[in-house]
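Structures are listed in the sections that come next.
Consider the two complexes below, in which subunit A is the common component and subunit B and subunit C are the respective partners.
Entry: the complex of A and B
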């Protein structure tokens, strides 16, 4: 048994459920026999990866689904040896450059060179280029992106790049202009509902509309999350009921509790406790940006309108610093401390106003 | 005293600038613990004309060499010391005859001097004792050669040998660690004596003895005051050789008087007493080595900032008395105050390790603050500091910003909350370790799952617990459960390794999460990689655990002597923490793994 997310993942471009025009365009692109470098971007859970997999299948046929995991040894200029995990088929290679940390520059260059320098053994009926899929281009360092710029021009005859990122804002303009941008927007509410209902139907269940709406609401138009929630609802109670509450991931609950404890008391001691909780979240591999966002959302919802603007501004300030610095916890903690400070003052003032 | 004669040039009373003149002659004069002395003497007397190896370790200047010399003198041993020779005679510029490498020479030295007695020895019944303090470099690169020679020595020798190693915080320079690992020590029955840094009392005695001796040499010499001696003791940090040197270098009263004279002409008119005091302090500190305090000590100074009013002198009694009297606490806003511990010096001495210093401050500052407003301001400074320290720029910007951050934190803490609290090492590294382990675990448990690890952790895995619990393998289930219930993953990661070994051994029933049966292919090589990565992180955790045991190094002017040795040990732990241990462990472990895997 596999998850619904994987079970009902469309396998070819023509089977995609939404953005059908775009799927057709991609199909035409492939039919031409050649295509440029692609930059696929869109929010998490919008189906970027699915679309890329479909595109690869369209290009190379089912052979592209025979995946294997390899670790490619790479030596950095400073002599450090790295092993980079890649997922590849005979036709493409997929890599997450953020695994390499600060060495992403040489990893990206080496990989593109390696795959570009080997031609297809049997070009009959196949494309004469390979595809390198780079995921999470957002987290690629500027250095690596500049290196990529040159490499992608040089090896364009034997190698195409598909870059996947959440937004184009962190991709340098030089790369953006060398790629055909493909925006995969998050599916609309109705699209998600219809997909959920289709999945439920195939499972032999009927999904009440109210529950579907609730799921869409909670998942914030993240299709993957919606499908996971829907499946967990099924496990919780079959047949599905209208009044059911979709389950949130435990870390979100944890984050909400953290926000509540910040509102509850503002003191160094409390901050100490909050720090412990933040560390716990970080150790669960929750990215600091998501923590920032979640925390802010919870905190702001309990704030006065005047306070909201101030708090959001502070959050933006410290979130920016996370990118400038290297130790996220410093800034996260500074934000919490600042919030506690503002909130405490606000509460004290409002008490004074009452008398 | 005959022995003194040779250190005095001619009849004039000059002191040699070497430390030899200060060396103790009898056992009583040693600044080493009596127990250690008797330990060494009993070992030596047991090994007269016998083969035996003793390893003597201790921090620099704790009196290792002096100890050996004194004991051997008292027991009538003749010391033969190995001095690494030069291959070329530099004075004449001619190569010395037949070339023999250092290893060969060392071997010869051990063999001949342990078997044959010296022709020039005056007393015939003196037994010989070999002393090695200077190790040929080749041994550090290839310890196995050294171990071979040791084995040979054990078979042939008829005289004991003592190896002296200075402790070093840097593992790559640590001779004891490189040349005398535990298994070698037990194989050759090496006795190991480790000396602690010299205690304050012993140091004081030694200084006084030296003062008296200096006075006996030149009657014009004035004995240093107790304050000066205290100062020297403090700055020496258990290093008796350094203490001797600074005592010798300390300007005499008349020099201070000269300063005094100059001072009186100046515009400021303070009480002469206090001025003399400060100048004496200055005099000591100007001729001392750079007064670098331990990192924990320095963190303490930042966390518990202290100010003094104008013209006030620092002494522990003063501070204590004031606190008892409940005098108003000074802070930065009081006019005319100045730092007791200048942040400039702190910033200067820790500039190179600024980011780990900030980590320590960040981990510990909350406990000393009492109001959330000042915490917010200090946190802001720290956040600024993290950005500044990591920004690219010229050295001076780093220096200034680091300084500013320290000052910021110190100024904000108006009334430090004083209570016993251990200084903890930052959890940052621990978290990073856990994250690394986590990604290896994810790769092992869910290979080829087509989403990034972040999405896997934030979205897929939490739901797996609810949806497909039944189809997961045992390991996967445990992991998913831990994630879904927000258990502490740090402890989970530690247990995971032990879980994985049996899992690895029986590869046949390896259950992977099924996405598509065709995709399920993971080479055995991958698994091997995972283990070695898993193991590499262990040691860092141990270091962190050590640190938490630590007593708080508050910036009190109290007696730090007992603490000093602990502190220096822990400093080493901190310095090493970010990378070095990691690499060593990785190297060692990966070797072990190969063996382990080949057995499987």
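Entry: the complex of A and C
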């Protein structure tokens, strides 16, 4: 049995539930074969991947849904051997180059260039080109992006790239200039509610509006999260009740508690304790930006505006450092220590002010 | 996957494959592959190159028999660097193009070893001054190092010797975006040409030419906002023009409007920028973060926001110079951090705090 997120994933552009105008435009776009490379960007859970899958189907028909998962061996210039997971059909191949870590440039050089150079497998198909889908382009190194540049131009008649990323901030101008940007905004709250209701209807359930609203509030316009929460509500109690409280993913609760314990006491002992919790979060693969953001949201709640500004500045400073070093926990801890320091001073000062 | 890769290199016969879904009546002509307009309208000769007069002049002289210096072409994306040198090479060598040109770009391995071996062995072969068809052509070969700014300094240093030794048979042409990334000993061996962002008039001319070729109908305002957003990058302008035309669909013959252009170019509608300023003035942290969350949910890019906000701040006459400086400094820091992959939310929150403190009075 598949999860609702997969079960109710629309399969074609005309079935997409929101941003219908855009879906229509994309349909127009692929009618003629001369469209440029695409750069699809938007927040996570907004449905970028679904849209791309639909686009591929529009291009090649149901044949693209026959997927193979393979791992392809790649040799780096220094002689190291790597295996890269790919998902492909006869018409397209999908890779996440950041799987290869610092060797992402080799993936681009070997895999992408090779597939661009070879030509379409299926001579009876209606398209002369195939598609290479690269995910998580945000984390592609600058070197790897450079390696894409000329490949994108040289083989454009036989291969189109679809790049998927959360934001275009990190994509170098030379790549942006080679692509058509497709912005996928997160669905609005109303759109999510109607999608949830539709899914429930198909499951033979009725979803009380109040509960739907609660779910949407907690999901922060992330459709994937909303569907998962809705499904877990079903598991918790069927039929669905108005009074039910949607459960947040466990790590979110854990993160909130961590922030509270930082506010509660500022001491080396407490820092040790927090450290354990941070490790716990990281070992569950929670992205470090999310931890920073989650902590910050709670931590500023008791500060005045001036202090808020200082705390935000520190968070921005330390989070940036994460990307320069290789060990995120250091900077996360440093931030917590810094916060404890500032906050304690602030509290002491305000006690003095009272007298 | 393996079968996906092993279908023969380009140009070889057709690979046999399982027949997929065939939609009759939609077939396209083989051999006439549809290419995006940027490639379709890539200059074929140096005379087609728009603007960039100096280089074109040097290359034109070379075409009529003069010697060619080593070249270093640099400038922002989409200004015609690669196109110019490739067009010149084609014109110079015609059919012998493959023997006389070695093109290495960032997608090729370009370590020290490759520079030493591949470039050297290519450069050592002598070149005659006559084409097979009897026409004269320059008696040298050209090594084009495209995207040279992504070469390591060690590899660039290795190039130094090779360049000096092979002056008799080979010319080098380095192409890059940032000339500061090329080591000084190399730049001093080349004649430098800066490719300027293309002027508005030239871009308009080119776009109008393409529009008439492709039967595109575009409003004058739309053309203006397209050019403003492209900022001298002709490739981006052409891509945008084509995308606007294609997104509309074949049957829709209405003209392209400025709104279409704004969306395709990824420009943030000005109400979002104004909104950010006014919500910052209200001096309420939660309202600001709420606004930021909404902004991120819409999928707009923080990098673009910084650019547009920068313009707005600099032009604004209700902010004191001192505050402008403070804000711009923060803008610069945030832009740098974003480039390195820092979280958009945190950087924008940091920026907004500065805005709030500066705008309150």
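Here is the rule we go by: the second predicted complex is superposed on the first by the 347 of 355 C-alpha atoms of A that agree within 3 Å, B and C clash if a C-alpha of one lies under 4 Å from a C-alpha of the other, contacts with A are read in each partner's own complex, and residues count from 1 in each chain.
In this section, a contact is a pair of C-beta atoms (placed from the backbone, for glycine too) under 8 Å apart; a residue touches a chain by one contact, two chains touch by 3 or more.
Keep in mind that what you see is a predicted model, and the values were worked out from it rather than measured.
Annotation: superposed three-chain arrangement on subunit A; subunit B versus subunit C shows no clash, the two fitting side by side. By the touch criterion defined above, A:267 lies against subunit B but remains apart from subunit C after alignment on the C-alpha atoms of chain A.
Look at A:178: by the touch rule set out above, it reaches subunit C but stays clear of subunit B. Vertex at subunit A: the C-alpha centres of subunit B and subunit C lie 90° apart in angle, rounded to steps of 10. Contacts of A:333 after superposition: subunit B is touched, whereas subunit C is not reached. When the shared chain is aligned, subunit C comes close enough to touch A:86, but subunit B does not.
The partner of subunit A that touches more of its residues, comparing subunit B with subunit C, is C.
By the touch criterion stated above, A:246 is placed in contact with neither subunit B nor subunit C. Look at A:294: by the touch rule set out above, it reaches neither subunit B nor subunit C. When the shared chain is aligned, no partner comes close enough to touch A:47: not subunit B, not subunit C. Using the contact criterion defined above for the overlaid structures, shared-chain residue A:97 touches neither subunit B nor subunit C, since it reaches no partner. Closest CA pair between subunit B and subunit C after superposition: 12 Å apart. With the contact threshold set out at the top, residues 68, 70, 324 of subunit A are in contact with subunit B in one structure and with subunit C in the other.
By the touch rule above, subunit A contacts subunit B in their complex via residues 1-6, 44-45, 49, 53, 65-71, 83, 85, 87, 96, 99, 135-136, 222, 224-225, 228-229, 231-232, 234-236, 247, 249-251, 253-254, 266-269, 271-272, 275, 279-280, 282-287, 290, 318, 321, 324-327, 329-331, 333-334, 337-338, 340-341, 344. Only residues 24-29, 31-37, 41-43, 46, 60-63, 68, 70, 72, 77, 86, 88, 90-91, 93, 108-109, 113-115, 117-126, 128-129, 138-139, 142-143, 146-151, 153, 155-158, 167-170, 173-174, 176-181, 183-186, 220-221, 289, 292-293, 296-297, 300, 305-306, 308-309, 312-313, 315-316, 319-320, 322-324 of subunit A touch subunit C when the two sit together in their complex. The touching residues of subunit B, counted against subunit A in their complex, run 355, 358-359, 362, 366-367, 369-373, 375-376, 379-380, 382-387, 389-391, 427-428, 430-431, 434-435, 438-439, 443, 447-448, 450-455, 457-460, 462-464, 466-468, 470-471, 483-486, 488-490, 513-516, 518-519, 521-523, 525-526, 529. Residues of subunit C that touch subunit A in their complex: 1-10, 14-23, 26-28, 30, 33-40, 76-78, 82, 105-109, 111, 146-147, 149-150, 177, 233, 235-236, 239-240, 242-243, 246-250, 252, 263-266, 283, 285, 289, 293, 296-304, 334, 337-347, 349-350, 353-354, 356-357.
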